[in-house]
Amino acid sequence: MREECGVVGILSTEGEDVSSHIYYALFSLQHRGQESAGIATFDGSRIRVHKDMGLVSEVFNGDKLKLLRGDRGIGHVRYSTTGPSTPENSQPLTISFRGGTIAVAHNGNIVNSTKLRRALEEDGHIFLSESDTEVIAHLLAKELLRKDIVDATRELMKRLIGAYSLTILINDTLVAIRDPNGFKPLCIGKVNGTHVVASESVAIDVLGGKLIRDVKPGELLIIEEEVESYQIVRSPSTSQCVFEFIYFARPDSIIDGKLVYDVRLRIGERLYEEYGIEGDLVCPVPDSGVTSAIGYSLASGIPFLEGLIKNRYVGRTFIMPHQRLRDAGVRLKLNVVRRNVEGKRIILVDDSIVRGTTSRRIVQMLRDAGAKEVHLMVGSPPIIAPCYFGIDMPTREELIAAHKSVEGIKTVIGADSVNYLSLEGLIEAVGIPERRLCLACLTSRYPVEVPGEICVRRQVRLTHF
Amino acid sequence: MREECGVVGILSTEGEDVSSHIYYALFSLQHRGQESAGIATFDGSRIRVHKDMGLVSEVFNGDKLKLLRGDRGIGHVRYSTTGPSTPENSQPLTISFRGGTIAVAHNGNIVNSTKLRRALEEDGHIFLSESDTEVIAHLLAKELLRKDIVDATRELMKRLIGAYSLTILINDTLVAIRDPNGFKPLCIGKVNGTHVVASESVAIDVLGGKLIRDVKPGELLIIEEEVESYQIVRSPSTSQCVFEFIYFARPDSIIDGKLVYDVRLRIGERLYEEYGIEGDLVCPVPDSGVTSAIGYSLASGIPFLEGLIKNRYVGRTFIMPHQRLRDAGVRLKLNVVRRNVEGKRIILVDDSIVRGTTSRRIVQMLRDAGAKEVHLMVGSPPIIAPCYFGIDMPTREELIAAHKSVEGIKTVIGADSVNYLSLEGLIEAVGIPERRLCLACLTSRYPVEVPGEICVRRQVRLTHF
Amino acid sequence: MREECGVVGILSTEGEDVSSHIYYALFSLQHRGQESAGIATFDGSRIRVHKDMGLVSEVFNGDKLKLLRGDRGIGHVRYSTTGPSTPENSQPLTISFRGGTIAVAHNGNIVNSTKLRRALEEDGHIFLSESDTEVIAHLLAKELLRKDIVDATRELMKRLIGAYSLTILINDTLVAIRDPNGFKPLCIGKVNGTHVVASESVAIDVLGGKLIRDVKPGELLIIEEEVESYQIVRSPSTSQCVFEFIYFARPDSIIDGKLVYDVRLRIGERLYEEYGIEGDLVCPVPDSGVTSAIGYSLASGIPFLEGLIKNRYVGRTFIMPHQRLRDAGVRLKLNVVRRNVEGKRIILVDDSIVRGTTSRRIVQMLRDAGAKEVHLMVGSPPIIAPCYFGIDMPTREELIAAHKSVEGIKTVIGADSVNYLSLEGLIEAVGIPERRLCLACLTSRYPVEVPGEICVRRQVRLTHF
Amino acid sequence: MREECGVVGILSTEGEDVSSHIYYALFSLQHRGQESAGIATFDGSRIRVHKDMGLVSEVFNGDKLKLLRGDRGIGHVRYSTTGPSTPENSQPLTISFRGGTIAVAHNGNIVNSTKLRRALEEDGHIFLSESDTEVIAHLLAKELLRKDIVDATRELMKRLIGAYSLTILINDTLVAIRDPNGFKPLCIGKVNGTHVVASESVAIDVLGGKLIRDVKPGELLIIEEEVESYQIVRSPSTSQCVFEFIYFARPDSIIDGKLVYDVRLRIGERLYEEYGIEGDLVCPVPDSGVTSAIGYSLASGIPFLEGLIKNRYVGRTFIMPHQRLRDAGVRLKLNVVRRNVEGKRIILVDDSIVRGTTSRRIVQMLRDAGAKEVHLMVGSPPIIAPCYFGIDMPTREELIAAHKSVEGIKTVIGADSVNYLSLEGLIEAVGIPERRLCLACLTSRYPVEVPGEICVRRQVRLTHF
């Protein structure tokens, strides 16, 4: 599973160039996308863009940042899921039209993008890429010909179904938009005289700034000297992605008022409360299981101890050269600290189980090292359904929990027990009411209409102001 | 501080090509050197080499490994400290001479290299590089003209002063040598029919093999179908690098019989025993302080909790573009989890203090986030003297503890207290007798003669068998 | 002066993959653009594209060509003149719209592109780039919604003013279009069962094929099993670029029925006929002056001899490091064969004079080498006006002949005489009637309306069939 | 056939940095080696080197040249023939020894290198590469321990058999050495206060300097404020490579007093004198046949006309993707100007025939284009034996003339006649007495002892002064 994107929007009220700020902010969001990176700034007369394949530190250097003049701009990191990953698909996406130029950075996925695209094509629109972001840009541009930014955004939100946290330059105006469901996080902060909008609060932290608040679902921010807020859509229920808390976001981020670290700690605590399984040590699957393992340890009093060490140099380009050594795969990433696990009853804590293959290999490694018992504590309920809102996830067929009972999964993985956090436990750990969460991958009930899937909130009428 | 090198030597008794094994092993030793990587194999008739600047995963690919035919070979990863880092300085170093061809992979530093080199030059020897490894190769080659491998190694050991864990191909013969002081680690293991010698046992683990034992200080191994051992030098005292345990080695490695993880845990426990400082949480400086922090937590009962999160994408090429943002430096690598530290008394655990600048910034970040108290627990005694045995360390002038009292350091760093582990505590935590450890950087008393430094064991006569 | 682009379109009637053919063809057109290269093929169900910055041999390799499946496709090489040269601006440009997908390769420049673009924007069109090619694609797509290819092309031609030799994939249909003025060359040939359309006939030669004929100005070709021709616009006068003959095209190309080599020979002959200047040798400025120099030699009987040798390794990345050596500039590219010129009266033949700086330096080099007289014979009349039709040329201010008399130019250049070919001589050498040539850069009278310039054929009404 | 290397040595008597001069000089010698490039300078205290794989313009940039401080230095371009081409084999080669540091740039090949190397190895010498240049460096260093530069060079020359034009830095002393046979060219010139030694005089020209004279076979130059000359070996006969005149050297170079351009012109004239073949045009195989074709035209009165055009972008990386198109090979490089050759009797002039395959394809192309007759005039006698002195040439088996009569070659190539220049004709054209030329590849009689070959001058005793 991978997050697909991170976005940033920055404006200096003191006329300072912001490309370096955006660069730092993107760097702190690198975990949200490692495939391409880009920055667009408005330099006083026109929008400048630089984007390319690669990590933020590879795509940019001092010279390139210097060329990106301007006191306002947006940035994007991307991990693409569909189609060939090419420089052309990297963002920000820029378009020019009668009303000027628009640059868009998008995190999320538009569910009805094909339909919207077809309608726009019927209307004569022409597209240069396959991306749903180009559809957003076209819709927005079209509306901006007749309406001001607020009304155009209202029209845009009427049309789009799905996830979209956006930072946009409309000529010289920086705006931020979060979809009415609030699928993907977006927050705003301030660093001295500089406004910062970003996918996660760590992007504000890295600049030495202060998180002010989350952008609300359905909200439009127009960021000038002051930040104007427009609650375009007000909805009784939202659907914030629960997996941001479980896995995607950095633990030091605060999302929708909740510190991710806290949530993960509570997940660990809840796992102990729900199952009460005892053991000799609580051992995380690094890095994603660490915080919940600490929580389990705190709740249970069982010592937290690392039984698995991660190789910090596992990167994008690693090859598996030797047929007979291919099962070295997991060992290259993880190594067992034998003496920590030998003869021990292990409480193994991981954030989730997707296909089950990695879990199976880890359990095997622990057993090979002499673990007496391995109890796998999973920081989420079973993942039984795919995500359509911007997470790169295997198909339903590949999701082990879509086809197997917990007992069956236990057999496959070879653990002494496999213990999923309950849905209630998860919701409580997150601390956000169920009606404000997207739990689709755990319930197979979707918060918006997705062709071929059950929509749980079909009846909900969004109110457009 | 950086480790300078890692070495590997592998021989398959079943005639299998070993380049992939070496590649995996080097990958697991990547933390010992990220600047260049290389592999040399004996293909049945000659030695083949590929080496270049870059990470293991960048230097090699499937095609290159396939060309490195042969059932025996050596490998090297390197971080260079002196002079320009160039492809020519990468290892294995190969030389040809009357007796054939030699390929050498070296971890360590020869203290009397300049003197030896001058003597060899007097003798007519000609060098192509500045490296002490070329000196080793020349000495060895010279002796091999008149002696067999065992006697030649004996002569070599008589001449070399300093640190050298070596894996060497002498034509078709794979040998491993560890200096009589045993400065740098070296161990041997087996994976089915394959012998593996490596700087750390993780290189054996990654291949799914079993650690057999450490190569002994002063020992020569000739690795064939069977491994022949020759204790070339027997010495009443050795000087194994204590910082391998404190910082350099991977926690999952077993060095000289001691699991590094255990040592680091005990360091944390000892720190609590020695100072008994209480607080609201034990917070590690990631990643190197994590294990000792767990130890402190276990000993004290104070909860282990992460107050600092590390950005996993901090790499080699990052630039600091904006003058005013340059102090973002530490924030790019580390971010505070504010709610974990706000209003709290923090037990902050780090492995060591070198210059003190990073510690000062981290303490400041914690204070800015509202920490009530910050007590810095340091997993080693003060570093007061430079290393001459293969560690890249600042000069004596730059070492904060070489010039300041603990009280002075506390003032500079701004912590409520700075608490260094005692030398006795460290020795006890490591579990190896003091006379077998190199503690020079902590005591300024060197185990071998180094010009301008005090030598504590000058009188010790190595016995050459 | 640089040509901006070359285009190719290939269809195999035997179902063979054509990406390799396109690759070879582009390679033979590399002189028309060295900045980026691209290929698009229709693979039976969709259009595939690969394009990037670099030479044809750098952008493509065997793997990439293999991925470009399909029995029909187009290719493009590009030298960009305006704006930053980026991967996104490389061609073929692909768009998708209600009618499917279009890929366009364009050689030329649309004079009224800004106006058309504005009109399209008024109409709601949205653009992703600044290029006139995107305007062409939009116009074409728009018309294709209501009309078939022939009628859509007719509408397109009604709107576009300027130069456009196009190869286009409209879904699975390969078409070729040449503007009614015929500014840029375009020809069609056949290689066994494969149709080839290309900017120059050398692209057909390289495939071992046969040139059939030029695409006529105003003609549309729909290339299927058979090639259908539609004379969309019939015009009494055309304006084929005369500089293709003088300088841009390869000498072995046949353009509009004329072998470029022949034209250049005749230019040399005419220069002798017009001026009758005698000397000891005829010396070309390599490479562009060679053929005309041979012509001069043949006509005059004066021996052809190389007095200047060109360094074949002058490339894109050369740097001029040393202030004092910077005047080595011309010497790096050209060296005098002293003994061939010493004490001699040199007939120096070049294709044209743009700024005059290179000519001045060459004359100086010849004089320094002891040339007694240097008579510069120029294969074109004075260039006095800029090109708006796809050639990268200095501004009017920089053109030496726009401001100086021939006498003045002679003084600047330092030659004993400077002898421009007469306009009549040039026209006769080309062998195409004046009313069919674009001579704008030589006469400052433009064949189509260009804002701020004199249009000589304003009255001409194009007839659209 | 490819030349293997070019060398440069430059010293500024005015204390100016010379790295830029060397860079320019190497650039003008790029035709002598395109695989790697390097520069070494003496900066006042030590020798600095930068070298890497690639063209001169790729290996160096402004920053790198700036780092290469010093008023004296050497440079090298290389095309390697044996073994893998690696950065380590690039030159200048530097060694350090008791006497200091030596940097060597070598053009040529040492015939007895293996024997010398073995002797040195017997003597305890150790080598890091396979190159004969390292052998030269060792021998020189060894002698310098006991002797001054002049006497050491004398000893060196006594030992080396083969070709060696050398530029060397011995600590701060720049020297140039040409072997007693004078196989490879070497000349000296002056640019203001700067001494320049180089493989060809074009390297002096590019700097705006004046060729003074050739370095004599057997001469040592010590280049300081003044240039000291030592005729170390005086030999009644030398053996300058005749193929430098026929093919390798740039036409604008003056080698051993002969302008290469003149020689090639005379070769063309001689070919007409020897065979008197008439035709409709004289057509060169570009680029190497051009000058001789002009000579043939001047002698015969038959017009010089290009029937073949070369693609200027044929480079190192070109791939041949399509099986069926592979015979496009020659067409990619050369294209026929059909109208120039159709129905014509072609006098086709090439410099030499090696394997015959390219000639065969060119003749076929001309015939396909309708040539009535093709008479191939070859600017050298048949190549019947390999070169051991620094030219990359096919084995004897692959040389068509080693196995076939002229009649047989004619049949293979398919020309109406194949006409080789006579040996006498060649010698006369070059203008150097036979006893001063190496004609081994044309006669199979070698000027020095080569194992397995006939040595024609075995009896000649070199006189060492």
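Order as written gives the chain letters A, B, C and D; numbering starts at 1 within each chain.
Here, a residue touches a chain if its C-beta (ideal position, glycine included) is under 8 Å from a C-beta of that chain, and two chains touch if they have at least 3 such contacts.
This one's a predicted model, so the numbers in the text were calculated from it and none came from an experiment.
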{"item": "Co-neighbours of subunit D and subunit A - touch as defined", "value": "B, C"}
{"item": "Remotest chain, subunit C as reference, centres from CA atoms", "value": "B"}
{"item": "Separation of mean Cα positions, subunit D and subunit B [Å, integer]", "value": "49"}
{"item": "CA centroid of subunit C to CA centroid of subunit D, Å", "value": "37"}
{"item": "Centre-of-Cα separation between subunit C and subunit B, whole angstrom", "value": "62"}
{"item": "Junction residues of subunit D - those touching two or more other chains", "value": "none"}
{"item": "Touching pairs - complete list by chain label", "value": "A-B, A-C, B-D, C-D"}
{"item": "Subunit A - residues contacting subunit B, complex", "value": "19-21, 23-24, 27-28, 30-31, 34, 55-58, 60-62, 65-66, 202, 205-208, 250-252, 259, 261-262, 265, 287, 290-291, 294, 297-298, 303-306, 309, 311-313, 315, 317-319, 321-322, 325, 327-328, 331-332, 335-340"}
{"item": "List of subunit A residues in touch with subunit C within their complex", "value": "87-88, 93-98, 118, 121-130, 134, 137-138, 141-142, 145"}
